[in-house]
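In the two complexes below, subunit A is the common chain; its partner is subunit B in one and subunit C in the other.
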Partner chain A sequence: MNAHAKPAPLGGPLLNAVTFTAGVLIAVMAVIVLVRFFYGLGAVTHLNDGYPWGIWIAVDVVIGSAFACGGFSVAMLVYIFNRSEYHPLVRPALLASLFGYTLAGVAVIVDLGRWWNVWNMFNPWTVNPSSVMFEVAVCISAYIIVMWIEFAPTFFEKFGMTEAKRRLSKIMFLIVALGTLLPMMHQSSLGTLLVVAGEQIHPLWQTPLLPALYLTTAITMGYAVVLFESCLASAAYRRAIETPLLTPLAKVMLGMLIAYLVVRVGDLLWRGAWPRAFAPSLEAIFFWLEMAAFVAPFFLIGSETQRRNPARLFLAGVALMLAGSLLRLNGFLIGYQTVIGAETAGVNYHYFPSLTELLVTVGMFAVEVLGYVIITRRFPVLPREAAHA
Partner chain B sequence: MTTRREFLKSALAVSATAGSLDVAARETHRAPPTGVGLLYDATLCVGCKACVAACKAANGNPPEFSTADPLWDTPLDTSGYTFNLIKVYRHGTMETKDAEQNGYAFMKTSCMHCADPSCVSACPVSAMTKDPVTGIVAYNPDQCIGCRYCVFACPFGIPKYQYDSPTGRIGKCELCRHRHKDGYYSACAEVCPTGATLFGKTTDLLAEAKRRLALKPGTVTTFPRGRLGEAAIPGVQWRPEPDQRYEGVVGNYVQHVYGEHEYGGTQVLKLSGVPFEKVGMPKLPPYSSAATSETIQHTLYGGLIMPIAVLGLLTWRAKRAVKPEEGDDA
Partner chain C sequence: MQDEGVLTCLVQGEEQEIERRFGISRREFLKFCAGLAGTLGLPAGAEAAVAQAIESAKRPSVIWLHFQECTGCSESLLRAEHPTLEKLILDVISLDYHETLMAAAGHQAEKSRKDAMAANKGKYLLVVEGAIPTKEQGIYCKIGGHTALELLKECAADAAAVIAIGSCASWGGMPSTVPSIPGWDTSPTGAAGVSEVLGKTVVTIPGCPPNPYNFLATAVHFLTFGTLPATDKLGRPLFAYGRLIHENCERRAHFDAGRFAMAFGDEGHRKGYCLYKLGCKGPETYANCPTLGFGDVGESNWPVGCGHPCIGCTEKGVGFAKPIHAMAKMLNVAPPLQYPRITEDVGKGVSFASAAALAAIAGAAAGGAAMLARNLGLSHQAAELEKAKEGKAKTQAEA
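The block that comes next holds the complex of A and B.
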C-alpha cells in the first residue's frame, strides 16, 4: 500500500518540432493582439452587434475553462471523496488547469472593449453583485490565484524551498477546499450567463437548470481531459500508461454522465422543448451532434474490458470534450439570436470567426502546450517512472 | 465506502438547510410612477426621419452609409453611432399604409427603457443603470469595461458597441437626458412633425395610447405634438412650447399597447396598425429575464450562505485527506 511514485522532471530537450510550432503560433497571435489593441476589435474579428460574443468568449473562455476542470475534478475525487489512489493524476491535471484558466483570464482582457476600466470589476463602489458576469469574473480571478498556490509545491521542490513547502502544506487543506468551491461556483455561473438573454437563446439550450447542466458537464469534461491528457502524455513521452487509474476514473465519469443525461433529457421533456429537436434547423442538427457526442462514451467504454483499452479511453475522452464543447458552443453561438424574430426587424446578422480571430484562439492553446512541455520537462509534475529513473 | 456515505449525508444536510432558508424569488421590477418615456404611434408616422437626424445631432453621432455613394446618413439598423431609426414594413403591392396585406408601415427602433432592464442586470460594473425617478436607462462609459454582456442580453438588440474603435463605447438612446438640464426633452419627439413620437410621463403616455385605441377608426380626434403633459422631473424646467395640437384621423390600430406588459413593462410605448411581430417587435412574456437570472443568483449566493456552508463542508473533508506531515503536495 501507499508510496505512489513521487513526481519528477522528465528532462529532455525543450526545443523540438512541437515547441517550435507552438512558438511560431504564439508569435502570430502576439501580432494580431497588438493590431486589435491599436485598431479595435473590428480590425481583427468578425464580431458585430448581432454576435457581440465570438469564439474568444465561447471557445477561449467558456470552453477553455471547462477543459481546465481536470485539476478541480481530480482534486475533488482525491481530497474530498478521499480516493487517494488517484493522487498521481493530481499534479499533471492541475498543471493543465492552471494554464487553461490563466489563459482564459488573458483571453477576456483581449476581448474587453474598454479593458483599462477592468479594475471596476473589483471596486466595491462599482460592482453589481446581481450580475452573473461579476460572479464569474471574481470567482475565476480568485481561482487562478488559488490554483497557483495549489501548484506552488512543485516550484518549491524544484528550487529546494523545503521550509516554504512545509509551511504551505499546513494550510493546504483550506486551499484545496477553496480550489473545489470556486470552480463549482463559476462553472455553474457560466451557464447562468445565458439565462438573462431569455428568448434570445434557443429553447433547446435555455433553462433555469443551466447552472446544474454546466457544472456537471464541466466535471465530466475534467475527467475526460485527464483521460485525453494521460494517454497523450504517455504516447508523446513514451511512458507507461496509467491504465489502473484511468479505468476506474472512466467509470466515475460515466456515472456523472448518466446523471447529466437524465437531468438534460428530463428538462427538455418537462419544458416541452423536445419537439424543437425535430424541426429542420441548424440548431436541431447541432443538438443531435451534441447528444451523439454525449452518448458515444457508453459505446466506447461501456464495459470493463473496454475501459482497460487505452485507445478507447482516449477516444471516449475526446468524445466527451467535444460533447461539452458543443453544449457551450450551441448555447453561446449556434442557438443565440440577438433580435428575436430578426427577419421582421429587417436585420440580418451573421457570424463566422475571421482567420485572425481563429489564429488568436489557436495561439492561446499553443501557449498551453508550450507551457505544459516546458514545465513537465523541467519541474516535478509527472510521476517518476521506474524504467526512466 | 462509509466515508462516501457520510459525505453524501452531510451534503444532503447542507442542501436541506439551504433549501429551508426560503429564498424569495426576485419579482420583476415595476417602472417608477414618475418614469418618463416615449409614445410612438406608427399610424401617425410619415417616415420623414427627422427624428433620426435630430437624434444624430443631439448625440453628436456621425452619419453612417449603406449606399454606394456616401451622400446621406443611411444606417440599416441602430448601431454604436445610431441610437434611433425608422424602419419600413413592406408587403406585396405596398398600396395601403398601415395594412398588413399589400401595405407598408413604419416602426421606430430605439431603447424601450424597460422597467426591469436585462442590460442593467447583466452589467458587472454598474455602467448601465436605471434612474430611480425618471427610469431612464443610462450608460456611463467611464465605468464600462466593454464586455458587451448588455449587447448580448437585450431582447430588443438595443445596446450596440463601436467595433471600429480601439476605445469603442456602447451606444444607446438615453432619452436625451443630457439635454434635460437646459429644458429640452428627447430630440426625436421635439422635431416630430405629426406627433407620432411624443415625450412624457409613461403613465400619461399609456392613458393617451388607450384613448386612441378606444376611438373608432376613421373618426377625427385631436393629437398632441412634442411633449405630452408635465413630465415632472426634479430640477428640470421644460422650455415653454406653443400649443401644437392638431385634428387628425384615427388609425386602424391593433388593439395592443406594446410595452404595457412586455418584460414587466417598458417606458417607451408603441401603437401600430400592423401586428407587432411583423414590424420587428418581439413577442415577450410579462416577466423579465433579469428576474429569472437574479432569482437563480440570489438563491445560490444570497448572503454567501450557500458558498460558506459548502466551503465548510469541503474544508472538513479536505482536512482529513490532506496530510501536512507527509509533506506531500496538493
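The block that comes next holds the complex of A and C.
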C-alpha cells in the first residue's frame, strides 16, 4: 500500500459558493429542528397514524445510511478480499460514510416522538434484545463510534500525533473487522424491520429475503457511491480521475448487481407476487421505476470500453444509488400501509412530505457536503496529486 | 382486626343497648360506622370514635327548616333502600323540628321549635332545605306567619352550626333559575341560598338530591368531633366534593380513548361509552357520585351509571343553569397527549410549496448530474483523442 500516493489536504478556501449554500441550508434546518423539539413532530411534519414514518426515516436514516456504505464496501474489498490496489479509495469513502452514518443517527433522534427516552437503548436493564429496532439502533450507534476510530488516523496525521497513530494501528485490524461486521448486521436488519411489519408491507417488497436484498443493495450502493463521489470530487476539485481504479470496481459492482437481480426477480416469481407489478397502482409505477434504475447500469457500463468512460461510470453510480433509494423508499413509505383496512373503514391516510420536512432532509445532506469539503481541504483524505506531468 | 379495636370500646351491656335502640345487630352497626368514617376519609380506627359518639345517648338537637323546595332531600334520606338508614338517622340525631316528619301541627309545631331552640341554645344543629325567596321582603314563602327570611335568621342566630342541604339551600338551586325572558336577571322570587341570606359561609351539601351519606357523614363529623368537616370555598365538605366527577367516573377510560355515545340509544350509548358528547357535566362538577353509591342499591344508581349525562346539580352555574345537553367545559383534566385523539389526522396531500421544493431539488440534482456527466464525457473524449494522437505520432515516429 505504500506504493500509492499518500493522502494530503487539498488546501484552498473554505468559503465558496458551495460551502456558503450548504451553510444557509444547515441554518434553515437548525431552525426547523428547534421548532420540532419545542412544538413536536406535528408542528413541522405531515406524519399521521397511517404514515408514522416519513422521509426523515425513509430518506435521512434508511437511504442516508445506505449511501454511507461506501466506506465499508471498499474496506471489505481492500481488507477482507485483500485487494490493496483500491486502498486510495478507502479514506474518501470512509469520510462520506462517517458523515452519512453520524447524520443518520442524529436524524433518528429528530424523528423520535419521545426522544428523551432514547438513553434507555444503552441501558442494559431497559433494553429489549429481541427487538429488531434495538439491533439496528445499537449496531448503528456502535458503527458510528467504530468509524470515527477508523477515521482517526487522518486527524492524528493532521495534528502530528504519530505515537497515537502507531498505537491505534496495532488494533486497527480489529476496528476494521468490526467496521465491516456492524454495517452488514444493521443494513440487513433494516430489511428485517419490514419483515416483522408483515402484511403492512406491499407484496412487491415483503419477503423473508428482505435482509439479504437490503444487504446486497447496500454493498452495491456503496460502490455506486464511490463512483459518484470520485467523479464528483475530481470534477469539483479539478483533479485527475481515478479511472484505473474505478473501472474494475464498477465490474465488481455489476457482479453484485446480477446476484441481487437474480434473487430479487426469483423471489417475486417464487412468491407469486409478480402480477401485482402489473396492477394499475402507485406501487406498481414505483416498482418499475426501481427495476429500471437497477437495470440501467448494465446499459450504461455493460462493456469494458464503457466502463473506462467516467461520464458513464458517474451515471451508472447515480442510477444505482437511485435504484437502492427507490427500493428503500418503496418499502418504508410507498408500499407501507400501517393501518390495514383503513380504506374499507372509510379512512384514507395521505402523506406527502411538508416543506419543512424536505428542508430538514436537504439540510442533512448539506451537512455532509460541508463536512466533506472542510475535511478534504484541511485534512489528509484524498491522495496527493502527482506533480503535473 | 379493626372490629376488635371497636369491640373494646363497646361493653357487653352497651351492645344490647345498641340492638335495642337501633334494632340492628352490633355487627351491622359497626359496619355503618365504618362506612361513615370511610365516607369522611377518616383514618383507620376512626370508626371507633364514630361508634362511640353515635352510641352515646346524647343526641344533638336538630332543627330542620323547609323553604322553596320539593322535599327531595328529606325523601332521599328517608327512602333509602338500606333498611336501617332512616332509623339510624332518626336515632343519631334528635330531630326536634321537621315539617314533613313531625307529628305536631300548627301552633304546637311552632312551640316545639321555640322550645328546642331555647333548651339547646347555642348547641343545636340547624339544617336548611330549600331556597329562600328574597324579593318583596320574602313574601313568597311563609310558615306560621313568618317569612322564610325571618325564620332562617331567627333559627341561625343561636345555632351551633348551619348545614344547607340540597342545591336550593346551597345557592338557590332550581328556584333561582332565571327565566329565559328578555329583561329578567333574577328568578321571579329572588330565590337565594343560606349563606347569601346569612351573609356568611355555611356548610353546603349540594345535589338534587344529595347523597344521604354526604349529609349523614357531615352530621356525624359534627357529632364525633364537635366541628364541621373541612370545606372548599363554596362550603362543600372536601371529603365529598373535593374531586371532579370526571376524575373518578367509571366511564373515564372511554373518554380517554375517545369512545363517545353520540346519541341516546346508539351503539356507543348501549356499550356504555362516555357521555361527554351528550352534555355530561362531569368534567366541571365536583361531587363523589361515581365513588359513593346512591341509595344503597349498587354502583350504577346514579345518572351517568344508568346512561344519562350528569347535569351538574352540585355545581352553581352548571346545574339548572346550563342546558342539559350542552357540552361541559373541561376544567383541569384533559386526556394525556400520548392517548389517541378523538379524530385522528389522516394527513395532508401534496402542498404547492413542498411539491415545488421537491421538484426544485430533483431538477437541480438532475441538472447537476447531467452537466457533470457531460463535462466528464467531454474530458474523456479529449483524453481519448489525445491518446489516439499520441499513438498515431508514436507509430509515425516508429515508421
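What we mean here is this: the second predicted complex is superposed on the first by the 385 of 389 C-alpha atoms of A that agree within 3 Å, B and C clash if a C-alpha of one lies under 4 Å from a C-alpha of the other, contacts with A are read in each partner's own complex, and residues count from 1 in each chain.
Going forward, contacts are C-beta pairs under 8 Å (C-beta built on N, C-alpha and C of every residue); 3 or more make two chains touch, one makes a residue touch a chain.
None of the values given here were measured: they were computed from a predicted structure.
Aligning the two structures on subunit A places subunit B and subunit C in a clash.
Of the two partner chains placed by superposition, only subunit B is touched by A:M133; subunit C is not. By the touch criterion defined above, A:R91 lies against subunit B but remains apart from subunit C after alignment on the C-alpha atoms of chain A. In the superposed pair of complexes, A:P211 makes contact with subunit B only, with no contact to subunit C. By the touch criterion stated above, A:M121 is placed in contact with subunit B alone, subunit C being left untouched. Contact with subunit B, but none with subunit C, is seen for A:V78 once the two complexes are overlaid on the shared chain. Of the two partner chains placed by superposition, only subunit B is touched by A:L181; subunit C is not. Touch criterion met: A:F173 reaches subunit B, while subunit C stays clear of it. By the touch criterion defined above, A:V106 lies against neither subunit B nor subunit C after alignment on the C-alpha atoms of chain A. Looking at the shared chain after the overlay, A:N48 reaches both subunit B and subunit C. Of 5-13, 23-31, 41-49 or 149-157, the segment of subunit B whose C-alpha atoms clash with subunit C in the superposed model is 41-49. When the two complexes are superposed on chain A, the residues of subunit A that touch both subunit B and subunit C are 42, 47-50, 347.
Against subunit C, in their complex, subunit A makes its touches with residues 42, 46-51, 231-232, 235, 241, 308-312, 314-315, 318, 347-355, 357-359, 362. Contacts from subunit B toward subunit A in the complex involve residues 3-4, 7, 76-77, 79-80, 87-89, 109, 118, 120-127, 141-149, 151-153, 155-157, 160-169, 277-280, 282-285, 288-290, 292-294, 296-298, 300-301, 307, 310-311, 314-315, 317-322, 324, 326-330. Residues 7, 37-43, 45, 47-50, 52-53, 75, 78-82, 84, 90-91, 94, 111-115, 117-118, 120-121, 123, 126-128, 130-135, 137, 150, 153-154, 157, 165-166, 169-170, 172-178, 180-181, 184-185, 188-189, 192-193, 195-200, 208, 211, 336, 338-342, 344-347 of subunit A are the ones touching subunit B in the complex.
By the touch criterion stated above, subunit C contacts subunit A in their complex at residues 344-351, 353-355, 357-358, 361, 369, 372-377, 379-380.
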